[in-house]
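Below: a set of structures, written as structure tokens.
Common to both upcoming complexes is chain A, partnered first by chain B, then by chain C.
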Partner chain A sequence: MPRITFIAADGAETVVDAGEGDSLMQVARAHNVDGILAECGGEMMCSTCHVYVEGDWLDRTGPADEDERDMLDFAPCEITDASRLSCQVKITDDMDGLVVRLPERQV
Partner chain B sequence: MSLAPVNDSVTVHRLIDDPYPVYAQMRTHTPVVQVPSVKRTMLTKAEDCRMVKDNPALFSSNDPTTPMEKAFEAHTLMRKDGEEHLRERNAMMPTFSPRNLKTIWGPMYERYAAEYLDRLPRGEVVDLFPTLAGPLAARILAECMGIPDASDEQMQFWSQALIDGAGNFGWFDEPFERVARANKEMNRVIEANAERVKAAPDQSALSVMLNAEDPIPWSQIVANIKIAIGGGINEPRDALLTIIYGLLSNPGQLEEIRASGNWSAAFEEGVRWVAPIQASSRLVLEDTEIRGCDIPKGTVVMTIQASANHDEDVYENGHLYDALRKSQPHQSFGSGPHHCMGTHMARMTVGRLLLPILFERFPNMRLENPEDVVWRGFGFRGPINMPVRLN
Partner chain C sequence: MERVVVIGTGQGGFQLAASLRQEGFTGRITLIGEEPGLPYQRPPLSKDYLKDGNDARLLLRPPDFYEQQRIEIIGSTRVTGIDRTTMEVETGDGARIAYDHLVLATGSRNRIPPIAGLDRPEVLALRTLSDARVLRDRVEHMRRVVVIGGGFIGLEFAAVARARGIEVAIVEGADRLMGRAVAPMTSRHFLDVHRGWGSSVHLGQFAEAVTDAEGSLAVRLRNGSEVSGDTIVLAAGVIANDAIAKEAGLATDDGIVVDDLLRSSDPNISALGDCCRFVEPVSGLVARLESVQAATDHARTIAARLVGQPKPYAAVPWFWSNQGDRKLQIAGYAPDADDWHVAEADGKLTVFCFAGDRLASVETVGNAGAHMAARRIFANAGRVPRKLLETADYDLNAVMAAA
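Moving on, here comes the complex of A and B:
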């Protein structure tokens, strides 16, 4: 089971075991990680599941595609190259150790 | 296990007049409860409401027993699940893209906001419901739907007729007759504009849906526009009035928001405090269980987002408007596949654009008699008047 670390805007860390095939958003919600709202439930319609992928992990997750970047435009916090909508990141076994940071707010 | 307890004492009138104390009682004593007066099993806890909306395979939107289909003369996307729902929804999505909001609807809304504010007299007591909140919500919706020749009055009349028709659970004649009239008018206006946008495509919903490579059926194009009319005027109108009330009755908060410029926080708190759409229904497809109560297949559960938004497990003093509250998730835009399509539109127009313009234009706006404000509604809720002195 890939182990994933969520770092909240205030620095608090939550480490959880992810089910393979789940999205990063589903993992966060299953473990009640604060700071991911995911209002649309993963349909890429709400932009309230924004995360920053830490460091080199972006090579594994890949960057946001064009549609995702368009939707990210709705997110209130700064969008960087590391920004992803967590509902669009599928967990694979090579993501064991993945670290993502959460923005200060989602709306 | 046993069925959810029954609450025989709650009447529809009580829910229309003053639902929040009822919901507070329910959250404490009977969070899952059958309410015969509305023929629904109410869910009043945040966690349960969210769970239902996020689980469409078990809790379907497709409830054929409601008066909605008759009112809309169509089986609309709001009452569909799965692929069919997504296809009809996606047909309208391009209109609400971030780029369109930023470059078309935002600037257009600002122009209309300025124009409508220009008409308001200074120094007098003015009811902002009929003079600003209603017409402005109607105007931007007419534009982005692609029926700009529909007047503010028509839009508002149609919207209310659709809402009253869809909510006509008593199956009385008058609401159906009224909405039948509205449907005739809407069909005529939509058809006329269809010719126009076929000749000159734009980013309006009508144009985007009609001119798509693989368009959805005409019946569903019309149905989508009606859903937006029925569901896109009241809510921004009621949200705006609620926020104005909240800020004017909490001057300290207003000062801080003015200083920080964080009008979005005032907006989010307003829609949390009094959710413009207070409740939604879902049909249970298989026997299940919620919070220890058996919920048989065929039950219609009602998620009370109004109550979820005041849930003690999530909020401290949820019954108070507090724009400075540490941001908390609310359920006013719903969640899951039917999550409100107008969310970003409403957040931008009311939250980021109108509120700062309004309070800048009338820096000394005053609500002289807060007790004169009347709140009403069970399914939809908001103030039905907002008499303020503009200065």
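Moving on, here comes the complex of A and C:
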């Protein structure tokens, strides 16, 4: 099971084992990771599950596509090249060790 | 304030509880709901859940969240009355639960139209997780389904069914699809889309009865024709659950009437989401909206007030419907639209809906950028004159800079 680290805006780390096939958002929610709202349930409609993919991991997750970027533009915190909507990141085996940071707020 | 009691364990009730804790409320929070289990998300029930059947993915939060946050959930329990004098609610099993503040997050229930034969087991509705489980099991064996109602839920289900190779017939009483929610051009677009996927769509046809047909069922339409299917899915809209408020003497009008702080006519009782009638801030119109956005933004507004930071409700309404590969998004609220401007390019549809000289809403299909720009424009400017759109040649980025 891929191990994933979420780093909150205040630096607090949560390390969890992800189920393969889940989205990063589903993993965060199933493990009670604070700071991801996901109000639309993963349909890429609300832009409240924003994360920053740490370092080279962006090579594995890939960047946001055009639609996702359009939605991210409305998120309240800074958008960078590492920004993703976590509902659009599907967990695969080669993401073991993935680290993502959470923004200060989602709304 | 010691104890907040919430009637309803849907997304709005959940958000109210979560927001209260975020805002630092330390008193007792109790949610009472008719459904068993923990709060879950409904939007996927008519889409992904029918494909993956994964219950755990629907939960808004895992069980330990409620322990950590000290949020008490009383499920499978019906509230039968509100005693506003003693400030207590009474439940079906006779218990009385005292509140200092009561929040009505009772949501809505499916409208059951006057159609004979709806009590047959092959007639299914889609509202709750329990409904969705039954429907999902049935989808495995369905060969031909008749969907009664051409609104969001009916069409979302129709798209899922069609993608599985099931024959689909959609029966809609109005003369266009999603007529209550979208512009005529958007209705037309989705009519073409669903017909293109192979569904038969019967517009302007009320269903009158579900009857037996050779080895199967049939829906008889008002014009006398029949549409056959082995399963009937009823998706004919919803009704606000406001009876309990009405019985308690609160002001209701197809929904519990609330002010701009989401207070009912009793200051100790608030209401949110599908069940309440409120002043939609962008249009200034009185509205009752069925959306995740309204439920969650209402909840945040109430939570802020309950911790002593009241702010009038000011959120921009938005809606979505995923039908197959088509993403419909709506920013704004336009029941009074009387003119439209359509822009179509690269497979993206954008419909600007006007009410007089005011931009009332923007509907987009496959154009998330325009949708988000419209949301931002409404949030920043509130009232957007039509002239602004015309001057900017309907370029929302230019409007955003000017608004």
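In this text, the second predicted complex is superposed on the first by the 107 of 107 C-alpha atoms of A that agree within 3 Å, B and C clash if a C-alpha of one lies under 4 Å from a C-alpha of the other, contacts with A are read in each partner's own complex, and residues count from 1 in each chain.
Definition applied: a contact is a pair of C-beta atoms (placed from the backbone, for glycine too) under 8 Å apart; a residue touches a chain by one contact, two chains touch by 3 or more.
For clarity, every value in this text was computed on a predicted model and none was experimentally measured.
Per the definitions stated earlier, placing chain B and chain C onto a shared chain A by superposition produces a clash between them.
Of the two partner chains, neither chain B nor chain C is touched by A:12. By the touch criterion stated above, A:105 is placed in contact with chain B alone, chain C being left untouched. The larger set of touched chain A residues comes from C, when the choice is between chain B and chain C.
Shared-chain residue A:39: touches chain B and chain C both. Of the two partner chains placed by the overlay, neither chain B nor chain C lies in contact with A:1. Look at A:76: by the touch rule set out above, it reaches chain B but stays clear of chain C.
In the superposition on chain A, contact of A:30 is made with chain C only, not with chain B. With the shared chain A as the reference for superposition, chain B clashes with chain C in the stretch 291-299, and the other listed options (201-209, 219-227 or 291-299) are free of clashes.
Within chain A, the residues touched by chain B in the first complex and by chain C in the second are 39-41, 43, 45-47, 70-71, 73-74, 107. Chain A contributes residues 22, 26, 29-32, 39-47, 66-67, 70-71, 73-74, 107 to its touches with chain C in the complex. Listing the residues of chain C that touch chain A in their complex gives 11, 41, 43-44, 47-48, 56-62, 64-65, 68, 292-293, 296, 300, 320, 322, 327, 329, 366, 368-369, 371-372, 375-376. Interface of chain A with chain B (complex): residues 37-41, 43, 45-47, 70-71, 73-74, 76, 105, 107. Across the complex, chain A is touched by residues 53-54, 86, 93, 97-99, 102, 264, 268, 327, 329, 333-337, 339, 341, 343-344, 347 of chain B.
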